[in-house]
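Note that the chains take the letters A, B, C and D in the order they are written out, and that residue 1 is the start of every chain.
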Amino acid sequence: MSAAKEQEETKKLTLVQAVQDALRTEMELDERVLVMGEDVGRDGGVFRATEGLLDQFGPERVMDTPLAESGIVGTALGLAVAGFRPVAEIQFMGFVYPAINQLFAHVARFRNRSRGRYPLPMVVRMPYGGGIHPPEHHSESYESLFLNTPGLKVVVPSTPTDAKGLLIQAIREEDPVIFLEPKRIYRAFREEVPSGAYTIPLGELRVAREGSDVTLIAWGAMSRVVLEASEFLVKDGVSAEVLDLRTLNPLDLDGILESVRKTGRAVVVHEAPRNTGFGAEIATLIHERLPLELEAPVARVTGFDCVFPFPMTEEHYLPTRDRVIAAVRKTLDF
Amino acid sequence: MSAAKEQEETKKLTLVQAVQDALRTEMELDERVLVMGEDVGRDGGVFRATEGLLDQFGPERVMDTPLAESGIVGTALGLAVAGFRPVAEIQFMGFVYPAINQLFAHVARFRNRSRGRYPLPMVVRMPYGGGIHPPEHHSESYESLFLNTPGLKVVVPSTPTDAKGLLIQAIREEDPVIFLEPKRIYRAFREEVPSGAYTIPLGELRVAREGSDVTLIAWGAMSRVVLEASEFLVKDGVSAEVLDLRTLNPLDLDGILESVRKTGRAVVVHEAPRNTGFGAEIATLIHERLPLELEAPVARVTGFDCVFPFPMTEEHYLPTRDRVIAAVRKTLDF
Amino acid sequence: MPKTIIYEAMTEKLEILAPDGTVDEQLLPPLSQEEVLGLYRDMLTLRAFDDKALKLQRQGRMGTWASTLGQEAAQAGLAKNLTRADWLAPTFRESGLMLLFGVPAVNQYAYWKGDEAGSLFPEGVNCLPPSVPIASQLLHAVGIGMALQKKGSDGVAVGFGGDGSTSEGDFHEALNFAGVFGARTLLYVQNNQWAISVPFKRQTAAGSIAQKAHAYGIPGLQVDGNDPFAVYAGTKAALDHIRAGKGAYLVEALTYRMQSHTTADDHTRYRTPEETALWAEREPVRRTRLYLEKKEWWDEQKEAALQEELAAAVEGWVKELEARPAPKPEDMVAFMYQEMPWHLKEQYEFLKAEVKR
Amino acid sequence: MPKTIIYEAMTEKLEILAPDGTVDEQLLPPLSQEEVLGLYRDMLTLRAFDDKALKLQRQGRMGTWASTLGQEAAQAGLAKNLTRADWLAPTFRESGLMLLFGVPAVNQYAYWKGDEAGSLFPEGVNCLPPSVPIASQLLHAVGIGMALQKKGSDGVAVGFGGDGSTSEGDFHEALNFAGVFGARTLLYVQNNQWAISVPFKRQTAAGSIAQKAHAYGIPGLQVDGNDPFAVYAGTKAALDHIRAGKGAYLVEALTYRMQSHTTADDHTRYRTPEETALWAEREPVRRTRLYLEKKEWWDEQKEAALQEELAAAVEGWVKELEARPAPKPEDMVAFMYQEMPWHLKEQYEFLKAEVKR
């Protein structure tokens, strides 16, 4: 973490509070920063990520928009072109589909299309992932879509400290950033988070736990599940290294390879469906680049290839500690 | 190929003519089949895939729609629910993004959401891929998006005979099918295509060439590039087996594994960007399932992780025979 | 600067039963006493159905619930005009209408409790499963309406949305396709003034939703959505038009969401008590009862009897709900395709085996 | 059944210069002779620019080209009202307008020849690169218009679409956002009657595009798009309204696409010769020349001199085009992000090395 400004003070914050703190901090420092989306104003966001911002910064900088995701992203693009730095919210990742045309046909392409004239300093925030027992379309993990489509940076914090530092960095980027917030752990725990502005560079993974027998690779809420598994594995004498990717694009491939070179084994864990998920890309990169160092094929623990289920069975959908442990064992026994 | 009706006659057709023949054949047999999309009527489609259908079947069955992809797919869903079997055209795959919400939030989910009550017998046809030197957004290969999102079948023919048999089967499926037509080879060659109705089952790859040293895996226009590479490799004494996947979901994994078990080596080739492309999934499946049989890591030859370029450099984007040959050599030398 | 007028039109609003229980006799639709009492009963049924769900939710026996409190007239008034030949493409806000259309209460409770199988409705009930992506359902209703037109059916498809839904691109594409293809479709918007925390005036600069019909060459009408007679008469006129083969129709029912958006929301964060109090006076059940009492068709005793009957019905629904078998985890992959391909078979077996352990 | 009228809609059309060259003196905007001749010159410039591109395409020296033949008034009339503070969000059909706005011809020829670098326009020309996904550009213009409003700028953003674009969801969302946020945006639709092969009457059941403004609470106006005076006066009124801070405006210019959709299309498949002949009589250059000749501001000699001058200009553009260095293949990955991440660096090096071989 490269603190832009040395800060002694900290505050105990949840992940969603850290998001809010990041927005407020950056809006105070840079008046080009705008917040926009459905219910982000008076309501403060359905998860309270933008709470208090309307009162502090007024309706010109905190805009409740009409209910239209393509409109949100398309106008955010225009605002970015004309000198603002919009942070748009998609209320749930499950509702990003109507914005896909603007995101993929324009946001991801604008710098290239204009040969560098119009970079797009804009962030699209989305709460994502399962675990909160909501109705349909509120639990999805579509990161794969954003990774197969070139031109977007994709960031996923899994701790309050990372959330704040990564979000401030995302806002300062000259490239558009998809910022995925694991809503399952929005309020799972608090952490001392530095006050004031600091940034965490995109493209650097965090070693959440050092280990030597196997590398566990995850992001978002799955980082916590994997960490839990690694703690459990200690009892079995298995030393797992846990990598929290933090940024999915650009990927910290060096960080991954360094770890797998050491451990010789890897398990990738994600909530999204398995088929053509990002787990496949990571596994393939490792196989391509460390063919002789690997002692077992890279294993995947993922969501199933189905629609995210309704609350009564959703806990069976999400990768669990035990599924991760089973995959590790299989990898070790290979 | 399981001929539904024994047919002696054949006609020499290009791939796009075979598509048109399939539509006409099935519309004659089943009056529930409708064709709809932008310019599919009077114009006969910008590639002539629906030529003559309006005259033969009238405007109730061949519908020029307003210019709105979400509208096309969303109303096709309603037509399918109410007893028709719509075949909707998206003019170019580059314009499918506005329909993503209808495709992913609804078409892919309807059978599951209604616990089987509303299967959706509908086909969404899209010309796709590069090689025709058009303006932006006319060359894309987004198959990955459709594979990470469960609930759609994805079919890609690469010969006229397959195109007709697979399209008729797609129309007869009780599940929604994304039918990708490699426009680069729409008119590349002609083939004797059986007259009348016949079907090719989804989920079965075609061994386009038998070989023993390496397995080349491709689909769509890349099948031709790979075949060309395999012919060239013969001169070097390399015997490549060429698999034309034909269906990407469901995938004929058994067919792939059978071949790789024999050859011990595989190269996957696709036009789409590399990152989180379907090549990664195929490579991972092979690594997961044949860890001990593989003699080299599965290689990928793909498009680059960028926007599909404008005509003056597009030939450098698409995988070429020489790139495939280089990948094969590297795999053999491993 | 003088120019040619190329388009001139207007948009009307229909109101019959005022909040104080008085009616415009001229506009009153020819309903028998029995029919009027039926409408009242329907509204109370919806209220009981809704109220129970809210209670179950508070007790942790139900998932998120989207209340229809205050929207009973907007739903019952339309339901009365529908037949078995008709089709519904509902959102999450149509639970009351669905109930009256024949979707069993237990299915709906199961859906909201978190069991997909709730959405498997009985044969013959032409109602799509409710779905959440705003405005997208309208296109399905237009597609079905196109199908009904092609088949020469008597049916009409009804597509639903809220005031918020009118901002989405799909609202536009639906109305435009409906106009172009002369779909047998009623586009029905319950303008309950709020889209979660966003008030209608921030949703569009247009003064009404009904006037949006001018963009599509189809008729549009606004009705007082808290007035069962206006809803009934207005949607009847629209449905008659559609059934006569004259094409699609947009009806806006002006109503009010008296509860929070769903049980996951707290409307006091963004609405004033004055506003909610104002609309409490305009709510549909109260005014209908005032009307019935003026007519001497109703009294305290009848009310008590009906409430008792409804309470029993509701308890029955809850029993049905709680008697349902728990959904099987492996079913999450079982309905994706007609047959499970190999990868889903593997996942199905995995889930089954894991549960057994 | 009588009801309250809640909205009265009316939409107007502006026509000044008739196909026979006569004008409505009352409506004629106060333009000097020089200005009128400037408009004529602009239109001929666009025609020469377009005509050359079509010829280059036929000779295989240019890629696909989307002709503006017949739409010169619709583009030149608007361009005359624009300043350097304004912004354009064009589609593929605005090449003429872009030229007059300051986007060099060579950039546009390079773009259509298939070189991305064509879209890097000179500093100070506030024009986004043209883009192809229909209707999506309108939202960008609304976002820019929102920005201009926030900044208190004098500028206006202009978003473009054709008749076909009005069917897309983004058209709707753009107009709705423009209304809600009071964006400094002109939504400008060139209704050239055709979206490839689909005639306007199959695009919407509404009789005009201008009337669609009623759905969004913003003003709408139709102008004869083949009449440079009507386009000029109509868009001036709209821009004055927007510049005065009164919010967004929709203008529909009724015109005709005289060529095929692009050089990849053959319009004789779906249009009758009668129709194209009818519109040939209504095309803008012809009527303007008739007017100028009546005024005795123009003659054969002046015409010949101008044509010669334009021919020379066009040849200059072609020379510039052909003098451009060929685009480098590795540049396809170089502009994706501010800095190339490792995977793009690898791909960049691969492409560079491969070309060298």
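Basically, a residue touches a chain if its C-beta (ideal position, glycine included) is under 8 Å from a C-beta of that chain, and two chains touch if they have at least 3 such contacts.
The structure presented is a predicted model; accordingly, all values stated were derived computationally and were not measured.
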Exercise for the section: With one step meaning two chains touch, work out the least steps from chain C to chain D. Expected result: 1
Problem - Chain centre separation (chain B, chain D; CA means) in Å - result: 36
Completion exercise
chain B and chain C have mean C-alpha positions lying a whole-number Å distance apart equal to 40
Fill in the blank from the handout: Residue numbers in chain B touching two or more further chains are 66, 68, 70-71, 94, 97-98, 101, 105, 112-113, 136-137, 150-151, 249, 275, 305-307
Completion exercise
Shared-interface residues of chain D (touching two or more other chains) are 116, 131, 133, 167-170, 173, 176, 180, 202-204, 336, 343
Exercise for the section: Chain touch graph shape: choose line, ring, star, complete or other and state it. Expected result: complete
Exercise for the section: Flag every residue of chain B that touches chain D in the complex, lowest number first. Expected result: 38-39, 41-44, 46, 64, 66-71, 94-95, 97-98, 133-138, 274-275, 304-307, 309-314, 316-317
Fill in the blank from the handout: Seen from chain D, its contact residues with chain A in the complex are 87, 89, 116-117, 119-121, 128-129, 131, 133, 136, 138-148, 150-151, 157, 169-170, 173-174, 176-177, 180-181, 335-338, 341-343
Problem - Contact footprint of chain A on chain C as seen in their complex - result: 63-64, 92, 111-116, 131-135, 164-165, 167-170, 195-198, 202-204, 264-265, 269-270, 326-329, 331-333, 336, 343-344, 347, 351, 354-355
Practice task
Sort out for me which residues of chain B touch chain A in the complex.
Solution key: 70, 94, 97-98, 100-101, 104-105, 108-109, 112-113, 136-137, 142, 144-145, 147-151, 249, 272-273, 275-281, 283-284, 287-288, 291, 296-300, 305-307, 334
Practice task
State the interface residues of chain C toward chain D in the complex, per the touch definition above.
Solution key: 1-15, 26-27, 167-173, 176, 179-180, 202-208, 210-212, 214-218, 221-222, 233, 237, 247
